[in-house]
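Multiple structures follow.
Look at the two complexes coming up: chain A is in both, with chain B in one and chain C in the other.
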Partner chain A sequence: MHFVVDRRIFVENVQHVNKSISSRTTIPILAGMKIDVSSAGITLTGSDSDISIETFIPKEDDENEYIDIFQEGRIVLQARFFVDIVRKLPGDKIEIFVQEQFATTIRSGSAVFHLNGLDPEEYPVLPKLSEEQMFQLPQNILKNMIHQTVFAVSTQETRPVLTGVNFEAEDGVLTCTATDSHRLAMRKVPFETTSDDLIFSNIVVPGKSLNELNKILTDTDDPVDVVITDTQVLFKLKNLLFYSRLLDGNYPVTKTMIPEQSKTDLELPRKELLATLERAFLLSKEIKNHVVHLRVLENNEIEIMSVSSEIGKVKEKVTCEKVKGEEIRISFNGKNLIDALKVIDSDHVYIRFTGAMSPFTLQPTDTDQMLHLFSPVRTY
Partner chain B sequence: MNEGRTWKGKVIFHVDMNSFYASVEKVYNPSLKHQPVAIAGNPKERRGIVVTASYEARARGVKTTMPVWEAREKCPDLIILPPDFEKYRAMSRQIFELLRSYSPLVEPVSIDEGYVDMTSYFPAQEIGQVAKGMQQKLLEQLGLPASIGIAPNKFLAKMASDMKKPLGITILRKRELPEKLWPLPVEEMHGVGKKSAQQLRRLGIHTIGDLATHSSTFLELRFGKKGRLWSERANGMDYRKVDPESVHEVKSVGNSTTLPYDVEDKEELKKVLKQLSEKVAKRLKEKEVCTDNIQLTIRYNDRRTITRSETLPDALMDARDIYNQAVSLFEQYWNEKGVRLLGVTALDVIPLSDASKQLDLFTYERENKEMKINKTISKLVDKYGDDIIRRGTIDER
Partner chain C sequence: MHFVVDRRIFVENVQHVNKSISSRTTIPILAGMKIDVSSAGITLTGSDSDISIETFIPKEDDENEYIDIFQEGRIVLQARFFVDIVRKLPGDKIEIFVQEQFATTIRSGSAVFHLNGLDPEEYPVLPKLSEEQMFQLPQNILKNMIHQTVFAVSTQETRPVLTGVNFEAEDGVLTCTATDSHRLAMRKVPFETTSDDLIFSNIVVPGKSLNELNKILTDTDDPVDVVITDTQVLFKLKNLLFYSRLLDGNYPVTKTMIPEQSKTDLELPRKELLATLERAFLLSKEIKNHVVHLRVLENNEIEIMSVSSEIGKVKEKVTCEKVKGEEIRISFNGKNLIDALKVIDSDHVYIRFTGAMSPFTLQPTDTDQMLHLFSPVRTY
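Let's turn to the complex of A and B:
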């Protein structure tokens, strides 16, 4: 194996693949990154057996020539060292060649590294997925969906299935749901599919996978193909494949949790509410559960209050566009509401209460494709 | 006895009852006087380990934490009694009442010891005489022997009360530290546990004097905050006040039990956890606190002890919730070897008034129902007393 590659594009791809490599792997070979050079270009592969990423650097495209290939071949290099090395190399080009016993030389500018490689034959082959169930989304839309739901996954391993985002499709609409059982974030989007009337449910992608994927997705409308099987999901970008294991277990039914009627409806400016909660949070983050208290006043006003017996107390009024229905006093986790308000884009939001001891919803005013649900907090 | 008159600063008494449980038993049953007596836990429940031994028993080699069979071997005519905490608590209340007649600044530390700030007596009265009077009153009015340590702060008072037992009165002045305190082995220092002592000895620190002369910066680096405190205290510095309220600031609530034999059966151990959880829940309720941090203690038959805890998103106080958490920790950390002791502790307890629970989106309806039931029970109990109604135990539900 012997090639010279443009440093910029190589580093970018190495860093993408590195997102799937964990230094704490139980399978030693997976601590490495696989480099596979063919006449068409370079394929880089990484995996921690939950996430696998494969990228392809073409020899050339319409505008540029990226690689000079002198000899095809394969090698696996310890990612820990390899990634840092290529990142810090001084030249515009990187030359890599492998000699006897997987001895690998990396050269760039005046720097020369010799690395002991690993046997590429030992590296597991990535699964070939059946592409029967597949749909397509623009990258920016998928990126947004993930951004607007994944923050709500559970970080506790007590119910593993809740550490993922549930993907469901029906009637040409994709629904993503995440909940840690105290708050729930849901986002819908219509999608294009190659197979007619694609229906699936209980496809639970680990939150960690989606967080890594989101670092790779761009804000462009370039398409992503999403391939779904029983145990794996594959996101296909141009020149990049992102595989993730799915979580076992049944995702709980969440549709029925969303209240259909409400007793108190608010419409209020998002940024003001967010700023008020953040101020209330200055005190409440010191106490358990970040509790804030909300009370509906007269004259379309609400009061947000937070008390900490040791530190002090804060009260603030927010003027709403509209207040409809019964008066209410309710206590909730302010941090959860802040998280959700941050992923909403609209200027105004609806909050709908169904009682002091029942869940309430938050929605943007400009779309009904997004919904957040919160449980109140009970004080003793 | 003129020495008490040149005292500077505060005068703190540490009053420590001598073999308290055994002494109380002797008050209730005078025929036990001058007999070797040991309190050893209900043989059915607490599996025969000596909790307290009278001085007569101690003289024959009986020690606390000794198994009953060994104690019997050392002292065949040993009288072994089960503990009666009702009795001891009642007696304890009388002790602190008596101490409060001397000064309002009384801080109970446990059922049988406490600090009294006696600064206001000085220098009008000779402090050794006052202590003697106090000791005599305890003995004559309640029939209980006590040792009293007198010093300018709590730490030294505590060390002083340990120096002469039973019925000792020891005055410890700062200038006497090099001769009276510093020669003591480091284990004797209040606040230094067995483990810490071992570590200190490995560092060449064998006596309290070694601790006093060691660099406090080093001790702090090596042991954290407590390292610095040791250094200060070994040098006779302790800035804690006698705080009558501190007894109300509960920080943790725990129960543990020593098993009669090494238990390897999981179901049996879970049963023990259940009992412990119920006890902890009961005490949490009495103190009107809850916790979001449950700790499990497992001592194996090789004396190796592990403690494992986990902070939970929500505060809990129910026996069932505590049990579930204890079992979850148990299943994660038990190595399936024989267990000698199990403990369940609620750490970092918080007053109910400061606590809250975030309802679960999946189960809030049931939780709200439970809450109503609990409130109803509390009301009934408040009105008609403890026995009117009670929730089923973990099993029955």
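Let's turn to the complex of A and C:
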């Protein structure tokens, strides 16, 4: 194996693939990154057995020539060193060649590194997925859907299936849902599919995988093909494949949890409500469940309050755009509301209560494709 | 106690004082910040018993009126909550008043906080230092001196006196020295003094204190008065007093460690040498003592090398401006050189060797008021 590659594009690809590599792996070869050079270009592969990433750097495209290939071949290099090394190399070009015993030389500018490589034959082969179930979304929309739901996954391993985001498709609409059983975040979006009447459910992608994927997705409308199988999901970008295992188990049916009617409706300015809850959180962070109390006052105002007998008390009023329905006093986890308000883009939000002991919803005013649901907290 | 204060100036002062407060204190009252309101203004005090900071916000200055004082008085508030609260308050003004039982109300915009205060009578009184031994420096010069030495203090508690920076004064020159016994950083500067012939030595200020002080010092030439006593040092800024205890013990005599002659002199470009050593550190960080090998080649070049039998090897050449004297091969802790090169401003540096087994020096080419000394590492 022997090639010279443009440093910028190589570093970018190495850093993408590195997101799938864990130094704490129990399988030694997976601490490495695989470099596979063919006449067409360079394929880089990484995997922690939950996530696998494969990128391809073409020899050239319409505008640029990226690689000089002198000899094809393959090697696996310890990612922990290799990634830092290529990032810090001084030149615009990087030369890499492999000699006997997997001895690998990396040269750039005045710097020469010799690394002990690993046997590429030991590296596991990534699965070939059947592409029967597939749909397409623009990157920015997928990125946003993940951002707006993944924060609500459970961090507890007691119900592993809740540590993922549930993907469902029906009638040309994709729904992503995350819940830790105290709060729920849901986002819908229409999608394009190549298969007629694509329907699937209970496709639960680990939150950790989606967080890594979101670091790679860009804010462009370049398409992502999403391939669904029973055990894996594959996100196909241009020159990048992102595989994730799916979580086992039955995701809870969440549709029936969402109340259809409400008794008290508020319309509120999002930023003011968020700032008020963040101030209340300065005290409520010390309290079990981060409890905050909300009550509707007269004159279209609500009061947010948090009390800790040890530290003190905070009280603040927020003026609503609209208040409709019954008076209410309710207590909830203020941090959960903060998390949801942060991923909403609109200037105003609706909060709809169905009673002091029933779940309530939070929604942006500018779209009905997003919904957040919260359980109240009993305080007596 | 009852006042209304401009939020911006109050937050700035609260954050300064907070640098001296530790939530892990064993003396409960020291987890609080003392607020003392007199007709002249507000004094804020914090202390972790190693460092104490006192700031004064005047009622007004030539340009602005900062405070409306309705009632004088004192209170101590839990810093952990108080600091975050004032930072996040919504209004331009903050009203604070104390009622019975130290119950304190903080009001700003729509937000009202009630905090359980602590008894200000319990708060320790800061010492009044004798100002017999005192000198003055511009803030930016003191800040720079600290920055260029404090990184070299020892982090080991085995010789506590080495965890501080030694201040010495003689003949109108202040010398700061830090060493962990493997490397030494020294910086000199002429200073102004009010006392004739100010001479002192073995004034060892904890590195931790100086790091906190440096977050407060600005890059202006506003003066700092430095007051020296046997057990404490006081840095007096406009409206801010920074006290630190001194370290016990005899600081080693370092002057005699610095070689007066050399056998091999190099002049090198600083940034290239730093980048080369940082690349070598990618491997040497895995090696005991972060060992790097340097040898002088022909053609005014040196070679930097680092080897780990497990991982591999890195080699790189750097072209010197000048090479004078004997050939040499020497091994040293590369990380120590990196640290020193980072605090040097000049474009070029001198390295002077006196033999493969003797300490060597690193100095900027543009001033002789700074010197770094390193022990070589035996590699056999």
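Quick notes on this one:
Please note the rule applied: the second predicted complex is superposed on the first by the 380 of 380 C-alpha atoms of A that agree within 3 Å, B and C clash if a C-alpha of one lies under 4 Å from a C-alpha of the other, contacts with A are read in each partner's own complex, and residues count from 1 in each chain.
Quick note on the criterion: a residue touches a chain if its C-beta (ideal position, glycine included) is under 8 Å from a C-beta of that chain, and two chains touch if they have at least 3 such contacts.
These figures come from a predicted structure and were not determined experimentally.
By the touch criterion stated above, A:Thr276 is placed in contact with chain C alone, chain B being left untouched.
By the document's definition of touching, of the two partners only chain C reaches A:Gln78; chain B does not. Once the two complexes are laid over each other on the shared chain, residue contacts for A:Gln156 go to chain B alone; chain C is not touched. Judged by the touch definition given at the top, the superposed model places A:Ser331 against chain B, while chain C stays out of reach.
Contacts of A:Ser181 after superposition: chain B is touched, whereas chain C is not reached. Chain A residues in contact with chain B (one complex) as well as with chain C (other complex) do not exist.
Listing the residues of chain C that touch chain A in their complex gives 78, 81, 84-85, 88-90, 104, 110-116, 275-276, 278-279, 282-283, 310-318.
If you check the complex, the residues on chain B that touch chain A are 290, 292, 313-315, 328, 350, 352-362, 364, 367-368, 371.
Residue ranges on chain A touching chain B, taken from their complex, read 156, 158, 179, 181-184, 252, 257, 287-289, 291, 309, 331-333, 357-359, 373, 375-380.
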